[in-house]
Amino acid sequence: MELVLSLGIGILTASGVWLILRPRTYQVIIGLSLLSYAVNLFIFGVGGLKKNAPPLLTDGADITSFADPVPQSLVLTAIVIGFATTALFLVVMLASRGLTGTDHVDGKEKAK
Amino acid sequence: MSGFSHHLIVAPILIPFAAAAIMLFIEERNRTAKALISLASTVLLLTVAMFLMRSAHGMDSPNGEAGGVYLLGNWPAPFGIVLVLDRLSALMVLLTATLAIPALGFSLARWHNAGAHFHSLFQLLLMGLNGAFLTGDLFNLFVFFEVMLAASYGLLMHGSGQQRVKAGLHYLVINLASALLFLIGVSLVYGTSGTLNMADLALRLADLPVERRILLESGLALLGIVFLIKAGIWPLNFWLPNAYSAASAPVAGIFAILSKLGIYIILRLSMLVLGNDTLPMASMARDVLLYAGLATVVFGAIGVLASQALGRLAGYSVLVSSGTLLAVIGFGGATASSGALFYLVSSTLTMGAFFLLIELVERGQDAGASMLAVTMEVYGDVDEDEADDEIGVTMPATMAVLSVCFSACAILLSGLPPLSGFVAKFTILSGVIGANAPTATSAAWITATLIILSGLCALIAMTRTGMRTFWASIEGTVPRVLVIEVAPVLILLTMTLALTAGAGPVMRYMDDTITMLSDPRNYINAVFEARRIAEGAIKP
Amino acid sequence: MSGVILYWSILSAQFILVLTMALVLYRVFRGPRAQDRVLGLDTLYVTAMLILLTFGIETGRDVYFEAALIIGLLGFVSTAALAKFIMRGEVIE
Amino acid sequence: MTVLPYPLLWFCLTVMWLLLNGLTLGHTLLGAIVSLFACWSMASLRPVKPHIHRWYLLPKLFGIFLYDILRSNISLVRIILSKTGERRSGFVTVMLELRDPSALSMLAVIVTATPGSAWIEYESRSGKLLLHVLDLVDEESWQDLIKNRYEKLLMEIFE
Amino acid sequence: MTGALLPILLLLPFLGSLAASFLPRQGKHVLPAWLAASVAATGLLITASLFPFVRNGDVVRFTLEWLPQVGLDFALRMDGFAWLFSLLITLIGLLVVVYARYYISAEDPIPRFFSLLLAFMGAMLGIVLSGNLILLSIFWELTSLFSFLLIGYWHHNATARDGARMALTVTGIGGFCLLAGVLVLGHIVGSYDLDKVLASGDLIRSHDLYLTALVLILIGALTKSAQFPFHFWLPNAMAAPTPVSAYLHSATMVKAGVFLLARLWPALSGTYEWFFLLGLAGMTTLLIGAYFAMFQQDLKGLLAYSTISHLGLITTLLSLGSPIAAVAAIFHMMNHATFKASLFMAAGIIDHETGTRDMRQLSGLYRFLPITATLAMVASAAMAGVPLLNGFISKEMFFAEAVATHADSILDRALPYVATLAGAFAVAYSLRFIHTVFFGPAPKNLPKEKPHEPPHWMRFPMEFLVLACLVVGIAPNYSIGPLLHTGVVGVLGSATPYYSLALWHGVNTPLIMSIVALVGGVVLYISLQRYLASCDDGTPLFRHLRGQRIFERVLVTVSWKWARWLESRFGTRQLQPQLRILAAISFVSAFLPLYFSDYAPGLPSSIDSFDPVFAAFWAIGMFSAVGAAYQAKYHRLAALVLLGGAGLATCLTFVWLSAPDLAITQLLVEIVTTVLILLGLRWLPIRREQIDEAATFSARMRRFRDFALAAACGLGMALIAYEVMTIPVPNTIANYFLERAYSEGGGRNVVNVILVDFRGFDTLGEITVLGIVALTVFALLRRFRPAPDSIAKPLQQRLQAAFDDARPNRETGDTARDYMVIASVIMQWLFPIIIVLAIYLFMRGHDKPGGGFSAGITLAIAFLLQYLAGGTRWAEDRIRILPLRWMGFGLLTAATTGIGSLLFGYPFLTTHSRYMELPLIGKVPAATAMLFDLGVFALVVGATVLILIALAHQSIRTYRVRKIEHSMMEDG
Amino acid sequence: MTAAEDMPLWAAIIVSALVVIGALLALVGAIGFLRFRTFYERLHAPAIAASWGAGAIVIASMLYFTVSGGRPVVHELLIGLFITLTTPVTAMLLGRAALHRDRAEGNAGIPSDPIPYPVLDDKAKGDSRNTAP
């Protein structure tokens, strides 16, 4: 499971990095989204992977049997902040497109 | 700090937060009310910050009573989030408030009308900054970093316009990428050390098995990159001159402290985590700071020389000051570090004043003038047949005041006496190659040379620009400047003068700060000895 | 016995469902038109929801129910928006 | 605006609440309050209010619906797994008399949820409905199915 | 007691300067002059009064603690040498003020002039009075700054600007070097205190860093004193008003360099390095200064080069390292100040009266200005070293020292010849000055008609100085003798040698040299006279070597062209390179620790936790991610859909690995994000696949590099993720939360308890971020202007409208209406259902998956769906959401909940949790954390809706731009 | 899987069968989605997963939790209800959108229309903003 998840994180990262190196703002926003998936999964993974052990307390359960709740709460915060920043990036990208007329990340097409 | 005043530690975060929240209930067009709330909040912030600084300075042995540690939610360290008030954080909070008032005052003349929610964003920026300065928790630092950044995005693009939005887009992408790095770094720290509390982390570092220690170092390295990006280290700083020069004047003014946030965290973490040399990476990290800092100084100085527009010149000056600070932190040594703290304060005030001033100065210039002046200087030898009329031209009062302010900024930036820039640089240099330097190594020579040369570059660039602005183009229109716009500049510059005059006591504070920081045990003990409020009354 | 039957049936069901997702994803990638992709995404959502239900049975917990419920009730919002975008070039007019 | 604008909706929402939270007295009360609140929100949208005359026919409709889905599921599985070629798919036009939006929606859901038929275009001005069917043996049987099996029943319920 | 006079003496000019700057610009222009004169006079009186306290080698001190940590004190120290210079500064300062009062025109900004002059006087006094080398370098830089401002006083002149800039740059560089040198001295001695440094001569001279310190300090001194090769700034500084030249560029500022050399003479001199470096510079300057002076056409230019030459003389003397030479140097400093200041004043009067300083135009002025001419002749004679004038005596002393042997080298042996030659040149240019200007035919075509004698008080300073030249020259022992002795003792202390100021030492080598110089000078002038009368400005042999030109070229090249090139080479304004660097550096730094350790990570021994289903849906996730990356350029919708696929895999992972809260949140956020991006897509430009720019080789290389980088980052991330997931889990803080979530936090969903209680502060920050973003989005979109090619309605809408128009049975808009007629009914009926779901998610959050955030997003989706179903106008006609109120309410609720605990004496955000027994309903959780969560809920609803609505509004804005400004979302 | 072990065999068999049937139905739908040649045909395929595919698994889940919990658990019904209500919405919206595109592009395979779609400009032939293809 660890191997699969880390591979998945790697592929998400690679795709994301590839995209944020592209010249179009839309590529960048998709890239950033992919990267935030990767990072969220990464944070989630550092607590160790446990199947069917959600940190929902039941009476008399051994606390070591639960998945680590801290990375989960960190991921929740990260998801919210990621959502907010994606929205912001979208709007800035639109504003830039509106003002410059292009969707190039530098606000102008590269001279040939 | 005891009793209710203990709660004041959280006040620098809550005051601007509450002000911003209340302003959401006020109609956008009722700017006067918003301005009043904003101003009141900032003044209150300054008062609290001064109180906090006094208390922090009074806490001679923080391990005695842990008076500066605030347990949020009454959860003990390292489990809950703690705020830590020590000399350094108190200094930064005070500096923020000190810079905020002039910037805010400046905005009241016209800028706060240039877009929606200026005051809310401004207050939230202060909240983010104060939170980042005070927190003792790594993830909480991330959160406040994001608060600060989010507000800075809004403020940077306040007033809209092509330049701002273009710069804003770059700024945003870089910071989004660095936020992701931050998250990776923090989670690596948690995954390897099992804690998020900085003091706890420093404590746990000592006995980590090798496979965890390596990953932890990777995490710390990534965190370092994030803060270095914020601080503007070369080659991760190309966004900075664009962003700072595109921002409206009051925003750029308050942004002067933003790059210092990165420096602050680097300083804090390097003292805490690298302080006891438990990590093999410690010396390498110091070298990286030193040489990358110097590279930043060089790049910044080159940029200062190469800048046509004042805004970019100022942006590159920010880089120079960041580079200087980083290099000195990497260099180490008590005197140089104290000098660096002094320099941090001085350069923040300077940059704040300079950014505000730039707008006033440029208001009088027509767009193409600066371009033309430089090209003339380069290609044509200046017209020598000019009438040698030996009668002076009287500058209008506004121009006179502006030119005095400009000269002060030039003096401060180039580190010339008598203003605080000189005191700062001299103290640093004295700790690097002067009477307070242990031995003069080659690193010391390089550092000193570059610091001095960067001052020279600033002098050359500022002279060129200043002469072109104030001496060569008197015929240009005299800018219409309001008192409320020039007063903030004067206030900030007066503070640098005060900083020079009071250099002794101020430097004593800095010395104490560095002494405190250089032994991480002080900080760790304070955090762990903070006690919860007695249970029973409120908890079930 | 019950456990064994359930274990293998659920495992095979999950496998079949993932295979379903894979087939659908192939269509999503191939298209040829945007409507095919959007329809594929909708199907992916539904299939994922089914996997969640089987996972609930596998683990014997009802805490994954909400996730399935949310897909069932709100999963269509994004695909409906995509569909409207194809039709009108705008999501909210 | 009455205190309880949509009694049936209110009831259904309360049932939903209880399904989600479990049947206790406390949740019945809470669910009633929450549902009431939700009904008020609904009222603020001012939807075209359906007039359900014969609500007792709804279970019958529901039964027919479930049965038809089952039947068409089987036939569709057969179609998919068999060799293509002999099957012909195509469009069918049906002129509807039904005008109530809620009733039309119900019809649309039934038609579309049933594998093998899809609601493509409806012109409200003329009542013309364009369906796509997967197994188009003859057009009239489909028209008949829509008109007599569903539309009639729906008109009975709603008008 | 007397020490207190020092700060007064020092501060007085600065206070005077400040006062002068506030004097009115127009009106009584004599007021600033009076102010300046009284300040200078007071300073002179104070200096004079201090004479008894310094005359016997005593020192007056005043110390104020300033920055004791680094050894920077405000230490003032007046010994005889400092006293002598104070006298010079205040006395000549007073005379210059008197002169300037008549010289400066009423139209000039007079207050500024006197203000700057006084400030300069203060700075200069600071240099001589500093008892701390750092303090000295502070005042040193101040003199540069004020000199810059004074040279640029007539800044509408390009020459003034250039001269000022050059002076500042050169002396500024020197100042920085001096500071560095002083720091090194401090490093050697361990203190910057002047007394300590002067007492540590042997230590300094034997230290490894001696040469470093020496070179740096010499650069400082030589730039200031305009010594070769830094001399070129001084002639250009002649653009300054003449009183400034008289004061700064003859009597005082340029003396600062030689003052410093004399000041540090006991500490630094006596080594071969000192002799060689300083001697070479001094002798070269002496010679070429004099040579250049002969060929100047500008009166002030002549005087400037003469000054350079005389300063070279002083430098040479100081380089010799013998005490007698030092005495001669000090003596010549005084003498030169006296005659050169008066000569500048004369030049100023001539310029003032005739309107020109060009010696080719000037002629026979004696008939108009007899008194001035007489005075100038005497002063020139002193400059030429004619007997019975002060210049003669010090020059004789110089010649005497020149022939003596100091350090056997070519330099030493050449000195007598150099000295004689320079002496001859000096005679020649002095003669030229007098002869050309005052004798010969009456001038023609002067810019000003009929020159006449200046007012008496303008001439008075000259008279005073010339008188001094005479008195000193005739009776040195009775006039300058005691004063000079005081100064010499200040420098040399117990090493003060015996010296004689007598006029007649018998016929000796120096006298012969003097005679040779005198005669040679006369002959030289006569032979050059014809050439000089008509030649161009510039020096033969050096005409093309113009220091100013070279300096400007170098400055522009280095500080502008190279800087521009370097900036573009080592910086960029494009985003992609920046991100590339960022990715590369992150990759490297994350792997450095691994590289530097000998730890080798390995695969685990057994893969026992392999889950085939998990692996299978991750295969799907990865495929989606790669697909999204592949499609994002041309097939935006496809990329968006594939992104959804990757998100779904993420969501399933959360479910699989025990994080139901995350799964829910991820799903909801994903839905909203998709809609958001779709809302934005409408404004992006059309992109067609056929425009393929990737065909070129460089583009392909770029893509390959990016691909490699991306692959490296992905691989690295996978590796680190794998490592961190497989190492044994440390003893984390999580256990504390798991143990106490229920007992102390009052909730069973530990994640939620962490969010609203243990780490509620994070959540407070997080919702603040969301709020800030919403405000920013709103603010940005209010100023949103679509690109011209996006303004028109989407093509589909236009086509469908045309379709409707074309048919008789349809009306425009039918297609749009019919399209949503069924969907909108269903979406409306879903509205209450989603609201119930939102409340459900909120209520259970503390114990089960859910919570304020997911509830808030759910409610926002409910609203969003109505916008989608009916359009903006339809929805806003029915539901009035006031997002800002929701946000404000949310933030305040969260904050108030936190502050509430302060009232009970607990820290911010301390929660109170308890299960309450309610009648009929039973046990109900009632944690204050729920209230906090309510704040989260409200904020999330408000912020999300604000963002969505603000975006949605852009579509209808184009139709009614004007109305929108007032009605749109003004929160009500 | 302790709860599963305690389950009566008949229930286990029924639950297993329903789960597998549901999954297989979904698979068949996907196969159809892949195999059908026109979009309008493909539109029908996912309905299998959304109708009885989902239905079978929902019933299995209800049965499982009812039997293992010893009390009626029927909240999965909501999922069935919602999925039935919402998936047709997407299908309808997509079907109509596809029809528009085919009409605008003049593609074959849709009911012929005497009045063709108007052509606005040269670019109208291709596709509209951002959605191509």
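Think of it as A, B, C, D, E and F in the order they're written, each chain with its own count starting at 1.
Note that contacts are C-beta pairs under 8 Å (C-beta built on N, C-alpha and C of every residue); 3 or more make two chains touch, one makes a residue touch a chain.
As the structure is a computational prediction, the values presented were derived from the model and not from experiment.
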| item | value |
| --- | --- |
| Any chain that touches subunit E and subunit B | A |
| Two chains sharing the most C-beta contacts | B-E |
| Chain at maximum distance from subunit D, centres defined as averaged CA atoms | E |
| Cα-centroid distance, subunit C relative to subunit D, in whole angstrom | 22 |
| Subunit A and subunit B: spacing of chain centres that average the CA atoms, whole Å | 29 |
| Interchain centroid distance [CA atoms averaged], subunit B/subunit C, Å | 49 |
| Rounded Å distance, subunit E centre to subunit F centre (Cα mean) | 66 |
| Of all residues in subunit F, the ones touching two or more other chains | 29, 31, 43, 45, 50, 75, 78, 82, 85-87, 89, 91-93, 96, 100, 128-133 |
| Junction residues of subunit E - those touching two or more other chains | 573, 575, 579, 583, 635-637, 640, 656, 660, 681-682, 684, 687, 717, 724, 729, 732-734, 737, 759, 762, 766, 769, 772-773, 776, 780, 783, 794-796, 800, 819, 822-823, 826-827, 829-830, 833, 848-849, 951 |
| Overlap residues in subunit D, where contacts from two or more other chains coincide | 16, 20, 108-109, 119, 121 |
| Overall pattern in which the protein chains touch one another (line/ring/star/complete/other) | other |
| Chain pairs that touch, as defined at the top of this document | A-B, A-C, A-E, B-E, C-E, C-F, D-E, D-F, E-F |
| Sites on subunit C touched by subunit A in the complex | 59, 61, 63 |
| Interfacial residue positions of subunit A with respect to subunit B in the complex | 20, 25, 28, 32, 35-36, 39, 42-43, 45-47, 70-71, 74, 77-78, 81, 84-85, 88-89, 92-93, 95-96, 99-100, 105-107 |
| Subunit C-facing residues of subunit F, complex | 1-9, 11-13, 15-17, 19-20, 22-24, 26-27, 29-31, 33-34, 39, 42-43, 45-46, 49-50, 53-54, 57-58, 60-61, 64-65, 68, 73, 75-76, 78-80, 82-83, 86-87, 89-91, 93-94, 96-98, 100-101, 128-133 |
| Complex contact set, residues of subunit D against subunit F | 16, 19-20, 69-70, 73, 76-77, 79-81, 84, 89, 91, 93, 108-109, 111-121, 130, 132, 134 |
| Footprint of subunit E on subunit A - complex, ascending | 1-27, 29-31, 33-34, 37-38, 40-42, 44-58, 63-64, 66-70, 72-73, 75-77, 79-88, 90-95, 97-103, 105-106 |
